[in-house]
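There are two complexes below, and they share chain A, which is joined by chain B in the first and by chain C in the second.
Then we have the complex of A and B:
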C-alpha cells in the first residue's frame, strides 16, 4: 500500500484520454434535457425535477458508467502489454487494483457533482418553489454514488480479468436492463445491486408508493455494503493471482 | 568470486500439465552478461516472467540480489529494469508521457526521462503518440523504460527484435557497456546464437524448458571448433596410406576430412603425405558454425 500514491499519480498521466472526460458530461447533459422538457400540473417542485432528472441517471447511466469507466481504465493495460510493464515495476498488486478502483469512484463522483449542479440549475431556471432542498438532494446524490460502487467493483473485477473491452460492457448492460422491471418489485428490488442507485436517487421517501423505491436508507446500504465487499474482495483476489 | 545476482533452484512452471520450464537452476553473477538462448517455445519468456513475479512458479525458488522473490518482491523490482516479449506501451500517450507514468512510480528525477530518450536515440520523436511509432521505435522506448530507474539488473527479452541493423548495433553496444560503466548485470534472451556471441560472456541454452548447455562463450567457441580438411593429389591412395598409420578420416568430394587435431598432429600428417609424394594443394580448418553447434545441442537437424 505504500506505493498507492505513486500508482495513482501514474494513473492520472495515463488517463489523459478524451473519452473519459466526455463520459462525465453525458448523463448530466441528458438529465438537463429531460429536466427542461417534462412538466407537471401546477407549480414545479424540486422533488419533481429530481425524480425526472434522476430516473434515467440512476436507472441507466450510473450502472452503465460504472462499467464504462472501469473498462476504459483496464483497456489501455490490456492493449500492448500494459499490465506486464506495470506489474514488473515496484508496485504491489493491491495498490494497482485499489488505484484503478479509486479513479473509477472519483470519476463517478465527478458525474454526481455535475449532476447536482445541473439539478440546481434546472430548478432555478424553472423557478421551482423555495430554496434548494439540500436535505433532500445531498443524501440522494451521495447515496446513489455509494450504491454505484459495488457495480464498479464488479465491473473492475470483470474488466481486469477479460482482455476484451466489449464483454464486460455486455455483462453490465445485461444486468442493467432488468432495472425497469425490478424497480417496481418489492420482492427483488431491495436485493438487486443494479437497481440500488435508482432507489437511492428516488426523491419519494418511505411514504411514497413506488414498489422497491420506498425502502429506508439503512436497509439499502446493507445490501450495497454487502455486495461491495463481496465484489471487491473477489476482484482483488483474482487480480493478485492474475498471470501476466 | 563475485556475488550471485540471480539464483533459481528447481524452477518449474507447468501449463496444463506440460512443463514450459523445468528444473531450472540459474546462477548469474554480478557484472555478467548472461545470454539466454533457445529456439521458439523453449521457455525463455516464461523464465523471465517467473523472475519478474508476473507468474507464479509451480515449484522451485527464485532469489534475486540474495532475496527471496516471494517475500521481497518490491525491494527486488525497484532495482530491476525489464523488457518482456513485445514492447509494452500506452499507445494514446506520447513517449514522454509513457516514461512519465513509469517515472512517477519509480520516483526518479524528471531529468532521467530525457537521459534515457537520448540513450536509445529517440530524441525528436518524444512528443508523438506512441501508437504511431514503428516497431523498432517502440522497442527503443521499451528499452528506455527499462533503463529509467537506474537498475542494477537488466532483464531484456529479445531486445533487438524489430530493430534495423544500426539499431541492433546500438543496443548491443549499449548492453556491452552496462557492466563496465555501471556494474549492471544483464540477462538477455535471443534465439540467435550469433547475436548472443557478440555480447554475452556466459550462455545458457534452453530447450523444451530445460537447460541443455551452460558455459562461458569462450568455451562454447572452442567446443564448436571443427574439422581439418586437406586437398591433395591422388586422395584415395593418400587416405588409405594415412589410415594405415593410425589417422581416421573420410573422403568427401575428393577432400580428406579429419576430426579436429592439434598443431603437431597436423604437421606430422602433412609431413608423411609429402614424403609419400603427394602434392598438397590446401590445408584448412573448417570450424563448425555456432549455429550448427546450437542446432546440434538442441537436437535439431544440422544440414551438412
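Then we have the complex of A and C:
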C-alpha cells in the first residue's frame, strides 16, 4: 500500500503539465457553448439542458478523453527508456499499472466535476425552473464516469503496449465514431461499451425513472462491469509480462 | 532527389500502422453504413424509394469530414513520430538533402495515403450500393467520385496545419489532442459560419457551389504549407 501511494504521487507529478488543463477544460467549455445556444419551446428545463450539454460530452468527449489521458500517462515511459528506469525501482508492476489507472480515473472525474459545475452554471444563467435537480444529475454524472472506466482500462492496456502516441488513439476513435449511429439503435446500443457513457448521461432514460442510477442494472453489470474486468485484467497481465 | 528521399520514407512507414489506418478509415465508414442500411433496410427502402443511391451518399457524407480530419491528424502524427520516436531528426537532416525536400517528401507521402483512402471510400460506396441491390441503372458515378475527392480537397488546410504541428512538437500529445478536438468541433459544421475553413469539407458536399469550397481548401492548404515548410527549414534540431 505504501509503495502504491508513492508511485501514485510520482504519476501525479508527471501529469502536472500545462497542456493537461486545456484538455480537462475542453469538453465542459464546448458543452457550455452548446448549452447556451440551444433552445426549446417554452421554459427551459434542467433535463433539456443536461440532454444538450451531455450529448457530445458523453458520446465523443468522454471516450476520446479516456484515450488521451491514458496515452499521456504512458508517454513519459515510452520516451528514452522510461519503462526500464521506472520498473527497475523496487515497486511492483501491479502497483505501477494500478496507479496509472487511478490517475486516469481521477482526471476523468475532474472533467465530470467541471462538467457538473458548468451544467449548474448554464442552468442558473438560463433560468431553468426550480432548484438544481441533484437527484437527477448526480447519478448521471457518476454513472457516465463509471461507464468510461472500462474504456480507460482498454486504452491503458494498448497505450502501455504500443510505443506510438497516435496508434492507441486511432483504435479509440475507430470505436468511438460509430457511437453516432449506435446511439440511435435500441437493439445494439445497450451492448456497445463505447456508447455507455452517453446512455448513462441521458436524462430521458428508457424507463423514465429519474431517481435511480440511469444505466439499467443489467447493462451496468454485463457491459460496463464485464468489459471493465476483461480490459483491466488483460492490460494488467500483458503489463506484467511486458519486456522492457 | 525527392524520389530518393521518398523511397526512404516509403520504407520507413512499413509496419507503423499507416497503411492499416489508410485502409481502416474508408472501410470503417462503409461498414458503418452497411450496418445502418442492413438493419433498417425496409424502412430506408420505403423512405427513400426514389433515390436509394442518394440516400446512401447522404448518410455517408455526414461522417466524411470528421473521418478526414481524424485521418489527417493520425497519419501526420504517425509520420512525424517515426523520427521523433527514435530521435533521428539529427541524423536525417545531417544528410546532404535540403530540409524542404525532407518536408515535401513527408507531405507527399501523407497526401498519397489520404488519396488512397479517398479512392477506397468511393470504391467502397459503389460496392456497398451494388451489394445492397440498389440497381445498376442509375449509378451516380459523378457523385460517387465527388464524395471521395471534393471533401478531401477542402480538408487540406487542416492537413497542412497538422503536419506542421506534428513535425514541430516532439510531444505528439499537442498535435493529436488539437486534431481530435478540431475533428469533434467539425461535427457542428451546420452551426458555424461558412468562412471558417473547418466547415469546408462539409460544404464541399452540402452547398450550392461545392466545388468552390474544395478549391478554396486546396489554395488555403498550399498557403499554409509555406509557413510550415519555412519554419521546418529554419528550426533548431534537438
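Please note the rule applied: the second predicted complex is superposed on the first by the 228 of 244 C-alpha atoms of A that agree within 3 Å, B and C clash if a C-alpha of one lies under 4 Å from a C-alpha of the other, contacts with A are read in each partner's own complex, and residues count from 1 in each chain.
One rule holds in what follows: a contact is a pair of C-beta atoms (placed from the backbone, for glycine too) under 8 Å apart; a residue touches a chain by one contact, two chains touch by 3 or more.
No experiment lies behind these values; they were computed from the predicted model shown.
In the superposition on chain A, A:244 makes contact with chain B only, not with chain C. Judged by the touch definition given at the top, the superposed model places A:68 against chain C, while chain B stays out of reach.
By the touch criterion stated above, A:177 is placed in contact with chain C alone, chain B being left untouched. In the superposition on chain A, contact is made by A:87 with chain B only, not with chain C.
Of the two partner chains placed by the overlay, neither chain B nor chain C lies in contact with A:39.
In the superposition on chain A, contact is made by A:185 with chain C only, not with chain B. Against chain A, in their complex, chain C makes its touches with residues 16-17, 21, 24, 28, 32, 35-36, 39, 63, 66-67, 70, 73-74, 77-78, 81, 85, 171-174, 176-177, 180-181, 183-185, 187-188, 191. Contact residues on chain A toward chain C in their complex (touch as defined above): 19, 22-23, 26, 30, 34, 37, 56, 60-61, 64, 68, 71-72, 75, 78, 163-167, 169-170, 173-174, 177-178, 180-181, 185, 187. Across the complex, chain A is touched by residues 49, 52-56, 74-75, 77-78, 80, 82, 84-93, 97, 100-102, 104-107, 145, 149 of chain B.
Residues 3, 6-7, 9-10, 13-14, 16-17, 76, 79-82, 84-92, 241, 243-244 of chain A touch chain B in their complex.
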